[in-house]
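Okay, so subunit A shows up in both of these, paired with subunit B first and subunit C after.
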Partner chain A sequence: MKALLESLIRGLGNGSVYALLALGFVIVYKATRVISFAQPSFMIGGAVAVSYLAEVTGFYLAMVLAALLVAAVALGIERVAIRPMVGRPVFVVAIITLGIDVVVRVVVNGFIGLDVRQVGDPWGLSLVEIGGLAVQQRWLAMLAAAALLVGLLFAFFRYTRYGLAMRAAALDQETALAQGVSVGTVFALSWAFAGGLAAIAGTFVGTGQGVDQLTWIIALKALPAIIVGGLDSLGGAVAGGLIVGVVESLVQSYQSDLAPWLGQNFAIVTPYVVMLLVLLVRPYGLFGTREVERV
Partner chain B sequence: MLEVRNLEVVYDDVMLVLRGVSLRVPAGSIVALLGANGAGKTTLLRAISGLLGVHDGEVTKGSVTVDGEPVHHLRPAQIVRRGVSQVMEGRRILGELTVEENLRVGAHTAPRDLAANLDRVYGLFPLLKERRKGIAGYLSGGEQQMLAVGRALMAGPRFLLLDEPSLGLAPALVGQIRDLVVEINAQGTTVLLVEQNATMALSIAAHGYVMETGKVVMDKPAADLLSDEDIREFYLGLGAEGAARSFRAVKHYRRRKRWLS
Partner chain C sequence: MKRSHLALLTALLVGAAPLLSACGVIRGDDEDSRGAVTTGVTREPCPLAVDKNKGCIYLGTVSDLTQGPFAAQAVPITNAQKAFWQRVNRAGGIGGKYEVDVQAYVRDNKYNPEVHNQVYQEIKNNVLGLAQTLGSPTTAAIINDLKANSVVAAPASWTSGWEFEDVIVETGANYCIESMNAVDYAVETYKPKSVMAVHYAGDYGADAAAGAKVAAERNGLEFTAVETPQGATEQGRAITEITKNKPDLVILTTGPADAAAIVGQAAAAKFSGRFIGTGPTWNPALLDSPAAPALKALYEQSAPGRAWGADTPGHRAMREALGDVEPNDGYTSGWAWSYPLKAALEKMVAGGDISRKGLLAAVKSLTTVDYEGMLPPEAGNYAGDPNAATFRQTVINKPDDAAPTGVTEVKGFYTGPTAQSYTMDGPCYEKL
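Moving on, here comes the complex of A and B:
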C-alpha cells in the first residue's frame, strides 16, 4: 500500500510536467490548428537557461526569467517563421515546426556541452515524510507548480480580454476577426504560452538529475498525453498528462514483478500503449471534440 | 458617411464577383441593400469590414471610405476600431461560450466602454440579460440573432452592417428585429441592412439599393422602390428568368435549412 501511494505521487509529479507540456501543444493547436513540434526545444531551452541564470539570481527567479525568455523567443519564431506560412497546409507548417525544433536544440546543445547541467534547484533527490510515506520533494513541487499555473491559465482564458479573444478565435476565426480580434496576436500569444510552459516543464525535468543533450526526448511524452486527453481540450491536456504520468509510474513500480516477460524498461513505452488503448475506444480523446477525429 | 466607389472584388484571383459597385450610406440613416442569392451582397459587406481575406477575396479596384478616409486595405481589427461592425450572415454565435462572454468578445476593441455598452445592449435585449450566464449555443435562432447584433454593438460602432438578420425567423420575430433596427438607428448608429425580406427592409430604410450579379441595378428612395412594379414582381417570385430563378430558390432553401438546424 505504501509503495503504491508513493508510486502514485511520483506519477502525479511527473504527470504534472507532461501536463504543462501538453497544455502548450493544445494552446497552439487551438489557435493555429497546427501541432507544434518545437516544444522539446523550448523545454530544454528553458532548463538550460535556468541552469545558467540560477547561479546569478537564485533558482526561483531564474525559472521565471527563463519562462519569459523562452516565451519571447517562441513569440519571435512564430512571427518570423510561422506567420508567413498561414494558409499553407497544416502538414507543411507542422514540418516547419519540426525544423525549428532541430535548429533551436542545436543552438541550446552548444550551451549544454557534453556534461550534465544542473538547474540549481533546492530539492535534489531529497525525500520528505508525509503520513508515513517517503516522497521526493520535487514531485510535490511539480504538482504545486502545475496546479498554480493551470489555475492561472484557466483564469486567464475565462476572465481576461485576450483570453476570451483566444477562445473566440479557436472556435471561429472569422467571427473573432469580425469583432476586431487580431488573429495574428492570438497566434503569437499561443506560441508565447507554449514556450513559457515548456520552459517551466523543462526546469522541473532538470530537478534532481539535471539535463543533458538527450533530455528533450521527455517532451515527446506530452504527445500521447494530448492524444489521450483530446487535442483541443485544455482540461484534457491536464488529465492526459496526469494519466500518462501515473500509468508510467505504476508500470515502472510493478511490471517487473507482475509481468517480467515484458522485459526491462517497459515503462518507457507505456505512454504510447495508453494512447493506443484510448484511441481504440475514443478516437477524439477522452475530452476532445468529436470533429477533431478528422484531423 | 460610409461610401463605396466603383468597387471590384475578385475571389481566388479569378472570380470577378463585384463589378463596379457604388453605394452611399449617409450618417444617421438606414440604407437597405436588396438582391437575389449570389448577387454579391455579402461580398460587399466583407469588402467594407475587411473580411475578404478569410475567403481568398480581394478588392482589385475602387474604394471604401469611412468619413472620407479609405479603409479597404486595412485589417478587420482596424476597421472595427474606425467604427464599422458587421453582423455576419448566419449569426455566427460562439456556441460554447456564455451569452455574456460572447458580448465581451464583441467588446474586444472597446474595453473601456465595456460596462456602458453592456448596459446598453442589455437594455435593448432584456432577454439576453436574463440568460447572460447561459451557454449561447442553447439560445433559439431568434435569440442568437439578437446576441449577434448585441455583440456587434459592444464595439460601439457608428456604422452597423447587418447581413440578413431576419433569415430563417418566424414573421413575429422579423417584426421584432425590424423594431430593434429602428431603435438602434434612433440611438445614433447608421445601418446598412442587407435583406431578402424586401418589404421589411424597405419599410424602415430611407434609401434602397438593388444588386444583381455583382452590380447595382437600381438605387432609389425606399418609398419609390416599394411601389416599383419590377421590385414587387421580383420579390414575389414572378421575374422573367424562370430557370435561373428556380435554381436560386433551391439554393435559398438549402441555406435556410442549414441555419435553422
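Moving on, here comes the complex of A and C:
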C-alpha cells in the first residue's frame, strides 16, 4: 500500500508537469486551431533560462523571469512566423511550428553546452515523511505549482476582459472580430501563455535531475494527454496530464510483477495505449467538444 | 525551333563548355583538378596546409554535431581530432610527404542512420577514410559500403561488434569487456552476491549488459538485466527494480543525466548497493547535481582510457593543443582514437601503396600503436583474429571534485579474470 501511494504521488507530480504542457497546447489550439509543436523548445528554453538566472536571482524569481522571457519569445515568434500564415491550412502552420521547435532547440542547445545544467531548485532529491510515506519534495512542489497556475489561469479566463476575449475568439473568430475583439492579440496571448507555461513545466522537469539536450522529449508526453482530455478543453488538459502521469508511474512500478509478458518498458507506450482506449470510447477525448457535422 | 535559334544555342553551348569545364562543373572531378594521387589524396596541399609543398590526405568525419543525443560528446570529439591532426601536420605530416585534412569533409548525422548514410555518400569519393564515424547503429548503416570500398574508419563507439570488422579501427576495450572488468573489480573490492545491469537497448547498453552477465555467471553471482529507456523522467521503473530487488551491484549503461537520476533517487529511497557506470554515464556537471552526494558515496565509473587530467605525454600534448577549453573526456576519446589512423597512414605512405587498399593493408598489419602513454601499445592490435586482437584492459574511476573532469583513477588499466579468459567469438550484444 505504501509503495502504491508513493508511486501515485510520483505520478501526480510528473502528471502535473504534463498538465502544464498540455494546457499550452490546448490554449494555442483553441485560439488558432493549430497544434503547436514548438512547445518542447519553449519547455527546454525555460529550464535553461532558469539555470542561468537562478545563480543571480535565486530559483523562484528566476522561474518567474524565465516564464516571462519565454512568453515574450513565443509572442515574438507568433508575430513573425505564425501571424502571416493566418488563413493558410492549419497543417502548413503546424509544420512551421515543427521548424520553429528545431530552430529554437538548436539555439538553446548552444546554451546547454556539453554538460547537464542544474536549475538550482531548493528541493533536490530531498524527501519528506507524510503519514509514513517517503515522498520527494519536488513532486509536491510540482503539484502545488500546477494547482496554483491552473487556478490563476482559470480565473484569468473567467474574470478578465482578455480572458473573455480569448474565450470568444475560441468559440467563433469571425463573430468575436465583429464584436471588436482583436483576434490578433488573442493569437499572441495564447502563444505567450503557452510559452510561459512550458517554461515553468521545463523548470520542474529539471528539478532534482537537471536538464540536458535530450530533456525536450518529455514535452511529447503532453500530446497523448491532450488527446485523452480533449483537444479543446482546458480542464481536459489538466485531467489528461494527471491521468497520463499516474498511469505511467503505476505501470513503471507494477507491470513487471503483474504483466511481465508485456515486456520491459511497457510504461513508455502507456500514454498512447490510454489515448487509444479513450479514443475508442470517446473520439473527442474525455472532455472535448463533440463536433456536429451536417452532411 | 528555327534554324538560326538552333545555331545560336549550339554556339552558346560550345562556347560555354570550356568555361564550365574549367570551373569543374562538367568534369565533376575534384581530385583531378587538385592533382589526385588516389581517392581522397592529392598532390596539391591541404586547404589549411602548414607546408604548401606537401600533398593532402583527406579524412571525413560523420558525427552527431547538432541535435542528436550525443552532440554533447560529439563536438569535443570532433574538435579534439582537428587539434590532433593539426599537431601531426605541424610535426611534419605523414611520412614527410602529406598533411592530413579533417576539416573539409565534416558532416552531421543527427544520429540518424539514414542521414549518416546520405552524408557519407556525399563525401565518400573525396576522402581516403573516415577520421570519425559516430555511433553504432549509424555506422552499421554504412558498414557494408565501407567494406566494399575498403574505406578505413575510426569509430566513435565501443561496441564489441567492431572487433569483427577489418575496416574499423577501434581504440580501447569495448563495452562488453569493460563491464566484465567492472564486475570483476567489484567482486574483488565489494564482494557482491547479486548484480543488476540497468541498460539502454541496442549495442551500447546490451553490449555492456552482456559483459556483466558473463562476469556474473563466472563469479557465481545472481544476475538480472533491466532495460531502461532514455530520459531522466523515464527511470521510474529502473529505480523501482533496484530498490525492490536490492542488488549488491548495479552496472549502469545509460547517459549521464539518466545515471544521476537512477543513482540519486535510488539512494534517496535508502538503497546502499554499489553502482559502476560505463564511460558515457559520467559527466563532470553531475558533481553539481542533487545526486552528487549519492554519486560520491555509491558510484564508480569504468572507462576505456585515462581521463583528461592524466599525466602522460599524449594527455599533455592534447591539453596543450586544445588550449583553454572546458575539460571534457570527449576530447580525450577523440584524441586517443586518432593514433591508430596516424600509425596506419604512416605505414601506408612508407609502403608506397597510397590507396584505400593500401591503408587497409597497413591497418591489418598493425600489432601495436604508440598512443603516447594514453593507452598501452597493445590496444592498437589490428593484425590478429578478433579474439586475439581484442584489447581487454579497463580503468576504474571515482567521482572527485578536484579532478578536471570530475573523476580520478582508483584502478589503472586492469584486466579481470573474466575478460582474460573470455573468447570473443561474436558481438556480445547478440548473446544477452
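A few points about this structure:
Keep this in mind: the second predicted complex is superposed on the first by the 291 of 295 C-alpha atoms of A that agree within 3 Å, B and C clash if a C-alpha of one lies under 4 Å from a C-alpha of the other, contacts with A are read in each partner's own complex, and residues count from 1 in each chain.
One rule holds in what follows: a contact is a pair of C-beta atoms (placed from the backbone, for glycine too) under 8 Å apart; a residue touches a chain by one contact, two chains touch by 3 or more.
Everything numeric in this text was worked out from a predicted model, so none of it was measured.
Superimposing the complexes on subunit A yields a three-chain arrangement in which subunit B and subunit C fit side by side.
Contacts of A:252 after superposition: subunit C is touched, whereas subunit B is not reached. Residue contacts after overlaying the shared chain place A:102 against subunit C, while subunit B stays out of touching range.
Once the two complexes are laid over each other on the shared chain, residue contacts for A:269 go to neither subunit B nor subunit C. Judged by the number of subunit A residues each one touches, C leads among subunit B and subunit C. Using CA centres, the angle subtended at subunit A by subunit B and subunit C is 140 degrees, rounded to a multiple of 10.
Once the two complexes are laid over each other on the shared chain, residue contacts for A:147 go to neither subunit B nor subunit C.
In the superposition on chain A, A:214 contacts subunit C only, with no contact to subunit B. Of the two partner chains, subunit B is the only one that A:164 touches; subunit C does not reach it. With chain A used as the common frame, subunit B approaches subunit C to a shortest CA-CA distance of 38 Å. The contact surfaces that subunit B and subunit C form on subunit A in the two complexes do not overlap at any residue. Listing the residues of subunit A that touch subunit B in their complex gives 161, 164-165, 167-168, 171-182.
Across the interface of their complex, subunit A is touched by residues 66-67, 69, 71-73, 75-76, 226-234, 236-237, 240-241, 255-257, 260-261, 264-265, 267-269, 283-286, 288-291, 294, 326, 328, 330 of subunit C. Chain contact summary for the complex, subunit B toward subunit A: residues 49-51, 54, 75-77, 80-81, 85-86, 88, 92, 94-97, 101, 104-109, 111, 151-152, 154-155. By the touch criterion stated above, subunit A contacts subunit C in their complex at residues 7, 10, 14, 102, 105-106, 109, 112-118, 123-127, 134, 136, 205, 208-215, 217-218, 248-249, 252-253, 255-256, 264-265, 267-268.
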